[in-house]
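In order of appearance the chains are A, B and C, and numbering begins at 1 in each one.
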Amino acid sequence: MNTTERTNFFQGKIFAILGVLILLVVPNFVSTNVQIVFILILFYGLCASCWNIVCGFVGELSLGHAVFLGFGAYISTLLLMDGSLSPWVGMFIAAIITAAFGVIVGLPCFRLHGPYFALTTIALGELIRIFVENNEKVFGINIRGAMGLVLKQTGNQFIAFEFANKITYYYVLVAFVAVTILVTWLIKNSKLGYYLTAIKSDPDAAESLGIKLTKYKLIAMAISCFMISFAGTFYAQYFRYVGPTRIFSHDMSVQIALIALVGGQGTVFGPLLGACLLVPITEFLSEEFGGTMPGLHLFIYGIMMVLVVLYMPQGIYKNVTGFFKKLEYKIFGWDKANRKSIGKGVK
Amino acid sequence: MLDSVLLAFIYGILQGGAYGAIALGLSVIFGVTRVTNFAHGAMLMLSTFLYYELYTRFGIDPYLGLLIVTPILYFLGMATQKRLITPLLKKERGTTQDPASLLLITLGLGYAINNLFMMIYGSDYKTIPTAASKSYLTIEVGDFLFTTQWARIIAFFAAFVIGITLWFIINKTELGKRIRAVSQNRDAAAICGVDVYKTYAIAFGLGIAAVAVAGACLSEYYFVQPQVGTLFGTKSFLIVVLGGLGSIPGAILGGLIFGVVESVGAQFITSSASSMLTFILFMIMLFLKPSGLLGKGGKV
Amino acid sequence: MEEIIRLENVTKKFGGLTAVDNFSGAVETGSIVGLIGPNGAGKTTLFNMMSCTYPPTSGKIFYKGMDVTKARTDSMAIRGLARTFQVTKPFGDMTVVENFMVGAFLHTRDRAVARKQAEEIYEYIGMGCGECKAANETTTVDRKKLEIGRALATKPELLLLDEVMAGCNPQEKLELVETCRKIQKSGVTLLVIEHDIKTIMSLCEKIIILHRGAKLVEGTPSEVANDPRAISAYLGEDYHAGC
């Protein structure tokens, strides 16, 4: 092991720390409109990170993850509206139900691979959307069909997960993202992470080493669904509205997947990075041209996807971090021996 | 009651033929190149807009416009394969394989095309009011009147024409021999002197040309709108998996089953709920026999 | 001597093709047994059935006296059976040591423990670059060693080696033979598929020759070498007549 590498904790991380600081501090000093963009960045970053926990690590492409987002939103909101249960408690109930649902769905789906898996998740997503749109009641619970659930504005109440200003919402979201990133990091550096990466590389070899494929895939699925359900609760509370047409939509699922893939699947910070890049671009574009050219931002998503697959199949994460590290060396002039060891990994 | 079900059945068969026509190209592309073309629906939508432009600007009926649009889409398909998919296939021959990238690139392409047209044309529904869409065929079925546009009947038969043409090209021509060789074993075919990537491009082009023909039939009676592609694209996938990925008769059979299930199902529940039936049918099929009704088996 | 694995009348059919035909045999604990035969004789099919990749069409497989005919692949690893693959299957995105860690995780949840065991195996097996990505291991011998090391990391009692020496030069073969001996001495039973007769004769205590899915000859290297059936299977039916 190269000991010089640890001489300075900040070495090689300066821009990463700077980025985190920007996300933490800057939203305090900008207009509400910009705060909204920051919230969307973190929201999509959160969803993409959750998607990454199962799909990024296992290597199967889920194009129906909006279902689990919607489950979280619906359950916690229904608990609040019909059961007067605080979303802070409800979101945990929602998360547990969503995780259980994810496992039930995953059990048959994980027998399929590649396009078959992707198609099944699309079909599942569409199935749930159409079902919710066409049913006023399920098991006696009033889900209000295509109308969706509208939450009344009651003012600034912590217990009801309702805040007067955007910045409070933002910091709640920061906490969610931090937990998700931490969970991802823990997975990546644990037995589970190693097993999932092995399954992704070669399922046959993994199985011969005693890895129960379905078990570990389902664990990842449960964690992913558990976490994305929180994002759903946030969505409902922030927008004060949950409609099946948007939250269960195919577009939502694809957006979540694309952000994670552009960012870098299987990495800890990649999905968040993807959101930092894509969300501001698309928000700016739909702000500027949304009226005259609907679909422009989704067009950008598509083009980005094609370019990333062609030129950066691992996502932008590697290239972006590499670029900033180089920049850092240029600015601070760390010695050259270190630079080599960072560039290549320890030999 | 029985009559109305019978009527729904006939409507379903007609609609199913159109579904089959659209799904055929997708099935051929998968059968040869193993690419699940998520941009298939977008290509269909693109072709219908070309027909729309030809009709509104020059008054050319889509049935005639075929002669112009099909070659354009053929070359578009070839270009897609050459510029986007072949580079990935070449890269794949290295150390690590990532089949997901093939799926993603077509997904991205489809997304880009769909939203490009959304930007240009907006989400308004357009129609092409041709003769075939305005003339009706009426037959008495028991107490009911069976009425349908001639365009729908033409679309139904088009499925068989496209299917037989594709089957003939693949099974009876010199080009088809190369296509079959490549689809069975691309390395062995390469050793025998077949230009694998060129053959892939031709097969992809054929698949997209087939969807252009289906697009002509569809645009005669259906809306022209950017989101039409997504609707039919998703359905095509379900149909092709149901019938067996890569199987030509399977695509038509799958289409017919889908059409009937949707149409007859709508007699008993609401029509949007009946499209849920097709999703359920698809999932049951996948879990029981992933290779589809007429598929050749093999691991998924 | 105790038998670690025993096959009784095992047959495997793929459609109309009979890959393994009524095979019976056993491997004694602590021994090193060679399995040879021409291409398509059914050697790898036997391995796949022993590691429960697929069950036999008929017949039974006993591992340490227990019927494992219909067991799952992953459960066999826990019971102490590990294998390598003829076509190597490295986890390309991981480093070599991390590949070994995946194996080591079978008996521990602790990452540090797994890492330590993996590094020990890395020393033990003696290969190129431990912190390089496995996908970048380009030499055949290193790829084979990666397979062996990863299987060893699961602490097996029975190790199935599928053509680990194929494609290696004589020097490397000697090195691998030494490794196999070392592994055997540490108490692991070895069952080896190999094509190189000379190598396998020097390495194994017992040799089984498979021919068209059936057992042709079984015995010590010297017995096998002098068996006319073995000679005809390898050198062709007309070999004697020609002489």
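Operating definition for what follows: a contact is a pair of C-beta atoms (placed from the backbone, for glycine too) under 8 Å apart; a residue touches a chain by one contact, two chains touch by 3 or more.
As the structure is a computational prediction, the values presented were derived from the model and not from experiment.
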| item | value |
| --- | --- |
| Joint neighbours of subunit C and subunit B, given as chain labels | A |
| Most extensive contact between chains (C-beta pair count) | A-B |
| Chain whose Cα centroid lies at the greatest distance from that of subunit A | C |
| Where subunit B and subunit C are represented by their mean Cα positions, the distance between them in whole Å | 48 |
| Between subunit B and subunit A, distance of the C-alpha-averaged centres to the nearest whole Å | 33 |
| Distance from the mean Cα position of subunit C to that of subunit A, given in whole angstrom | 43 |
| Residues within subunit A bordering two or more other chains | 201 |
| Subunit B residues counted as touching two or more neighbouring chains | 96 |
| Multi-partner residues of subunit C (each touching 2 or more other chains) | 92-93 |
| Parts of subunit B lying in touch with subunit A, wherever the complex brings them together | 36, 84, 87-88, 91, 96, 98-101, 103-105, 107-119, 122-123, 226, 230, 234, 237-238, 241, 270, 272-273, 275-276, 279-280, 282-283, 286-287, 290, 300 |
| Contacting residues of subunit C [partner subunit A, same complex] | 51, 53, 72-78, 82-83, 85, 89-94, 98, 101-103, 105-106, 108-109, 111, 114, 129, 131-132, 150-151, 153-154 |
| Residues of subunit A that touch subunit B when the two form their complex | 59-61, 63, 108, 111-116, 118-120, 122-124, 126-127, 130-131, 133-134, 201, 250, 254, 258, 261, 293-296, 298-299, 301-306, 309-310, 313 |
| Parts of subunit A lying in touch with subunit C, wherever the complex brings them together | 189-191, 194-195, 197-198, 200-202, 204-213, 266, 345-347 |
